[in-house]
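Step one of this worksheet: look at the structure below.
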Amino acid sequence: MGILPLGILVFFALMAVLLDLWAGRWWAKTASYAGIGAALVGELLLWGRRGNYMAGLLSQDAVGIVAGVLILLFAFLALLITDGYDLKVNIKEGEIYILMTLSAAGALVMVTTRHLLVAFLGMEILSVANYALAGLKRDTLSKEAAVKYAVLGTVASVFFVLGMAFYYGTGGGFLLDTRVAASPSPMALASGLLLFSSLMFKASLFPFHFWTPDVYQGSPAPITAFFSVVTKTAGFVFLLRLSDFVIHPEVKWFILAASVLSMLYGNLVALKQQDIKRLMAYSSISHAGYMAMGLLLEKQGAWVLLFYLAAYGFMNLGAFAVISSLLEKNSLLNYRGLAKDYSPLAVFLAFFMVSLAGFPPTAGFLAKFFLFAEVGRAGFWPLVVIAAITTLVSVYYYLRVVLVMYMTEGRPTASYLPSGILTMFISAFFVLELGIFPSTLLVFLKYFVG
Amino acid sequence: MSLLLSGVLFPPALGALILILLGRLLSKRSVSWLSPAAVGISFLTSLLSFFLIKGKASLYLFPWLSVGGLQVDFSLLWDPLSSIMALTVSGVSFLIHIYSVGYMGEDPGYRRYFAYLNLFTFSMLLLVLAPNLPMMFVGWEGVGLCSYLLIGFWFEKETAANAGKKAFIVNRVGDFGFLLGIFLLFTLLGNLNFDYINYHANSLAPSAATAAALLLFLGATGKSAQIPLYIWLPDAMEGPTPVSALIHAATMVTAGVYMVSRLFPLYARSGLALNVVAWVGIITAAFAATIALVQNDIKRVLAYSTISQIGYMFAGVGVGAVSAGMFHLFTHAFFKSLLFLAAGSVIHALGTQDMREMGGLRKKMPITFWVFTIAALAISGIPGFAGFFSKDQILAQAYIRSKAIWAIGVVTAGLTAFYMFRLIFMTFFGEPRGWKNAHESPPVMTGPMLVLAFFSVVSGWFFSSFHGWLKPLGYIHLEELPESKEALLMGASVGLALLAIGLAWWIYLKRGKGFHTGFIHKLLLNKYYVDEIYNAAFVIPYREGSRLISRYFDIGIIDGTVEGSGRLTLQGGRLMSFFQSGFLKDYALWMAAGVVLALFVMLGRAL
Amino acid sequence: MISVMVFLPAAGAVFLLFVSGKRTGFIKGFSLGISSGVFLLAVWLFVNFNPYYPLPQFVERARWIGFGLNYHVGTDGISLVLVALTALLSPLALASSFRYIKEREKEFYIMLLLLETGMLGVFVAQNLFLFYIFWEAMLIPMYFIIGIWGGERKLYATVKFVLYTMAGSLLMLVGIFYLWKLSPDHSLYFYRLYSLEIPHQAQILLFLAFALAFAIKVPLFPFHTWLPDAHTEAPTAGSVLLAGILLKMGGYGFLRLAMPLFPEAFRLFLPYLLVLSIVSIIYGAAMAFVQEDAKRLIAYSSVSHLGVVMLGIFALSFRAYMGGIYQMLNHGLSTGALFLLIGMVYERTHTRDMKNLGGLARPLPVLAAFLMVTVLSSVGLPGLNGFVGEFLVFLGTFETNRVAAALAALGIILAAVYLLWMYQRVMQGRAREKFLSLPDMSLREILIMVPLVVLFFWMGLYPGFFMKKFERSARFMMEITQQKYKIISLVNQGGER
Amino acid sequence: MSSFSLFILAALLIAGGIAGFFLRKDLLTMLLSSEVALSGANLLLLVFASQASPTEAQAAVLAILTVAAAEVAVALAALAVVIREKGKATEDIVSEMKG
């Protein structure tokens, strides 16, 4: 049972490959929708179960299920954003859907295992698909993005394998468990550090974030959205598992430093960005910094982190749905006067920006509220203060987007993509829902996870 | 019976309200009836109350401020002191309302004028009838407001607007003291009713009483134009002349005297405060009189004369003779408003206020001339006229307390006579200078003047009954002076006054021109440069200092810090983006460096 | 009932989203209707409020998120009058925009309605979480109002406003986390928090965090520089609500949260706070005096007047405390009125630079009369509302600290200086030729001003009517602040689980 | 070979990979260098495994090599596109996006 969603997803992904060859991209697309949709249903059927499958290679628990649902939901929404966008910017390949499905499958693997090798395999599936996705747009930036992503991704893979080797050297196995956690040896330390580094790469944490701005900027907008939510969710959930079995207490300082630096770096550098996707990239780095605080929280961390991921995912997807509607005219200059000519788009983008900035009554606020409060409760008060101050910095650039749309004049061009609009509505719904009635998710999180 | 008091207070308020709200709907004619009638009713009711109410009465209306132990009621108090004041105020005000119908007849702001005038009467009566300090302060500020509005009545004239503002602000300085005095009294006594304060004044420490009394007196110097806050009154002559007569001569400016009289036991508790009152009064009297000697603007002469006369009143109260001071207030109300009205009549006819452009008006404006002369004789203290009796009482009482005050007072009386007759000679005698055709004013203006002229003579004849009327207050008493001594003093001041009149006659009629040279003349003409000194000491430093602070501190430093921190953050972002060089190798290098660094740090810590 | 009142404007705003932006007449009428409805509800609350019960009334509670983060609204006397002020000023501000706002009208009224919900929410929230939500949520509509419909430097002003305000409130948020952690049952209910035993060291830090948030909002010197920019650039309605309501939240925050929650720390910082209040009074007045822009002048006058409010609240004398609260209302009304009137002048002359104005009393006598009354209310003329507040504040302060009161009372002189100077420069003197034919106030404008002027007199002549409503609550709050007694026993009556 | 010399070999491979990555400008070489480092890591894994249960690790290494191959394939494809466009693929070619 436990591997049902994964099986469905892989099956449909392969089907999509074949259909794309034989029947054309529409079929590939449909198969992808169907695969992700069916997997989502499968995942929901697992709601509340836990257990190990395939000789412990895969293991299902509450965190995994919630993360799986989120990943599949996000992937589905990312597909919706892509749908319609792709033809407008001249991406004719059906692969875009297949690759997204595959990538989602990789992400799903990452969140349903506690086995390092399996996680590595999942991560690589995800990465390989992502490299290809990054390069799908027909311009040099897209290619540059793909190359940078791939090369740096390889480096991250090396880190992971090295870390895995050290882990194996310490404990003699690939399964994450407590045996190793107690070990005080330098090798355990090194292994922890390397594994964390590798996943921090996926999660865009300083100083492993460098790919993020360039890849976000170069990739097609819906793909960027996909990266920013699916990859990040998978990365953070595995980071969570790593820190559950934290290799060595010293690693906490590493996380702490990465968290603080990400908050500072992401927010500060975002201030000067003129390209909205780059801006969103730095925003993504800074949010990663906030989320990393959740890794410091022992058991309490899981639910706040998952809530944050959910909130972040929806608001980011919503924002990218709007960004995609501008069809790669990503300079902020093209957002001038958007509120006049494309009022609905501006309303949505403004709403998501406000949520990203963390204003009530949106999910972004509550996510920050819970996260910061829990971090404070754990005693990291200076960290919370830094987070609060950097949040203030972030307000500047999020609201700057609003300002450009609403308070300056210009002649923007955009197109209303039906499925994009649908995504905006769905995302906005969830952002509000999680912002006003978070209990729907929280009850479950607290009950199963927390 | 005490309900009558609402009939005293409220008709003018009602009049003002109607004029403000419905003024546009009313014809000019109905305004001319309504507004004086409102005050007339008030006057009649006061008269009625005066005769019907024996001793004290008070009318409780509603609680005004009632917060945690502070209890200030909106109620009215009728006692000998307030009854005299109310009568004077409503009576003079009524006459001036009538006069104004003629004087302001051509003005486009006719309704506004009468609305303000009614409002003033209301505020003044409120001040007079207030039973406690906060209520008095309401009236106190109310008359200040009306004064502001009426001085700046012709607001299109920059000087008028400035003068109004100046009056208000200078008064505010006084009010600052007044308020602190109220606070201090409340802190000390826990109650702000006059009765309570007066009754318990003796339980206060003298130093506390001094502080409270002097703070209140600061308010009085503002309102009653005494040193150091007298500077607004000469400028206030920018207002219409009937306003000067009513507000800046007869009623409002004497409020300070009234207040000190009201709280006399408090002042008496502190000998120092009383001395300060007396000395400030007498010095102001002399000081203002010297300035009046050389002014050429007819109204400014009268303004300084007013300051001077109020100085007398303070001197009177200050030497302990409340009834004398109040009596001078009473008589002064008639002859000074008459002087203003007569001057107004001249101004109305000629359209100028500069005495150098007048002269020879005696024939053309006989009534004006005669009433003016009566009033001048009254103010100069010529026996038989009202001013003689009141001023004489003050000087006699001053003589008992302090010879110095008496001496200054007598000299000032001489100066008064001199400048008044200088005015008369320059205006009504000699040859016309610069005017073509003048005419006597209409009956609506001369009527009130004649009434006032009558009172300028007879009001002085009743000092003993005045004194007797005030007696029940409990703190009214006069020192007795030997008959012979009194006559001597009287003779001295009267003689000096006659001498001064003669001198004025010699200089301005016989010789034909005044002295226009010399340092002293220039000093007096420029009013001792007090305005300039105040400007340099307060106004300019405040304004320029604020400008500097605004530019360099507020915008420069405070806002600069705010903006600087913002800019610093932006700059920080720009600097940090240096990491994002675009080169793959750099990226990988930073990643590796991060791991290696962390490894070293942690190994270092762990091992 | 309170919930209905609070969320009615928001519901109206949502409804307006689906109305075509072209039907401006309907939009205006509808939003004014909603806003007036809120006013009627507020009147209902005011009338039915029991003045003898100091704790919150009309309490409505609902389990919401859990962990102490619940929905809990209610109003005690202090909140009540501030709610009433909000409910009054909102429709007036709204109506004042009918001709002022010429573009994107629908969005404007939506934002105003959302703002109204936020403002009401801040005053009725009974737990810290809800309070913070409304506190923050309110910023966004204001951001739009200044940013879209503001003057020349609107972008600068609106960004400054939001960032500056958030700078304070984010640290307050950290403080809220701390309290949340400390609270035994995670409750953030105000009256539960009052009974917390907070360690001394923590009190100091928490007080600083809260005080900073509120001091910025008030604004106390030296945190005031956002105000002149925001006030000046905001459209009339924005300025009115900013000055009339938003600034009050700072004072409200101090008296409801910063002071009673951390009484020891408050006692510790009291001297500095008094100094800041007094400096605000005098400094604000001095700065107001040298401004050329009429709205900037009024903005600085707000700094000065709010200094009086804060002095009253800080003075720890009941009379001053009452006066401070009363002065909040007064300032809301009179400064609101000042902004409305200057807005009307601006609509006619298209300038706020007083160098270019003058003599307007001739073409605009009615406007001049209203401005005069308002100026007088603002300078604290006895008989009008401003005096009552100032008198009580200074009187009360004098009892506890004579020097402070004496210095602060200098403000009454300085207020006259700058306000009369403003009046003179706008209304007096000779009018320019082109201004001579300006139309005087329309009926709509007069109807906007009349309630305010009536209240000036009403509140000035019969303050008891209003004071009675919040006297008990004020005494109660002050006693909590002074730690007269622990309130555990009372909490159980109105407590939150 | 003794496990120690295998350790040395693995370390050399990793060091060589890192050196190659950072010293060469050519993207292709950089990519290959990183693969060298990866095989070093693999070797390390095998060395560790030889002490415990070798089969698990050997399987892991096989899997790692497989996915690494896939990864390289995609990376090479991307490089190929860049080379076709620009004529070469040095590191400075792909540095358009920065800041």
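Lettered A, B, C and D in written order, each chain numbered from 1.
We take it that contacts are C-beta pairs under 8 Å (C-beta built on N, C-alpha and C of every residue); 3 or more make two chains touch, one makes a residue touch a chain.
Keep in mind that what you see is a predicted model, and the values were worked out from it rather than measured.
Note on connectivity: the fewest chain-to-chain touch steps from chain A to chain D number 1.
Nearest to the global CA centroid, when each chain is reduced to the mean of its CA atoms, is chain C.
Between chain A and chain C the centroid-to-centroid distance comes to 42 Å (mean Cα coordinates, whole Å). In this assembly, the C-alpha centroid of chain C lies 65 Å from the C-alpha centroid of chain D.
One simple way to say how far apart two chains are is to compare their mean CA positions; for chain A and chain B this gives 77 Å. Rounded to whole angstrom units, the spacing between the C-alpha centres of chain B and chain C is 36.
Each of residues 147-148, 151, 155, 213-214, 272, 396 in chain A touches at least two other chains. For chain D, the set of residues touching two or more other chains reads 21, 27, 30, 94-99. Residue numbers of chain C whose C-beta contacts span two or more other chains: 163. Touching chain pairs in this entry, ordered by label, are A-B, A-C, A-D, B-C, B-D.
Put simply, chain D touches chain B in their complex at residues 18, 21-22, 27, 30, 91-92, 94-99.
For chain A in complex with chain B, the touching residues are 147-148, 151-152, 155-156, 159, 184, 186, 189-190, 193-194, 197, 201, 206-208, 210-211, 213-214, 248, 250-251, 253-254, 257, 264-265, 267-272, 393, 396.
Partner chain A is touched in their complex by these residues of chain D: 14, 17, 21, 27, 30-31, 34-35, 37-38, 41-42, 44-45, 48-49, 51-53, 56-57, 60, 63-64, 67-68, 70-72, 74-75, 77-79, 81-82, 85, 89, 94-99. If you check the complex, the residues on chain B that touch chain A are 569-570, 572-574, 576-577, 579-580, 582, 584, 586-588, 590-595, 598-599, 601-603, 605-607. On the chain A side of its complex with chain C, the touching residues are 339-340, 354, 359-361, 365-366, 369, 372-373, 376-377, 381, 384-385, 388-389, 391-392, 395-396, 399-400, 402-403, 406-408, 438-439, 442-443.
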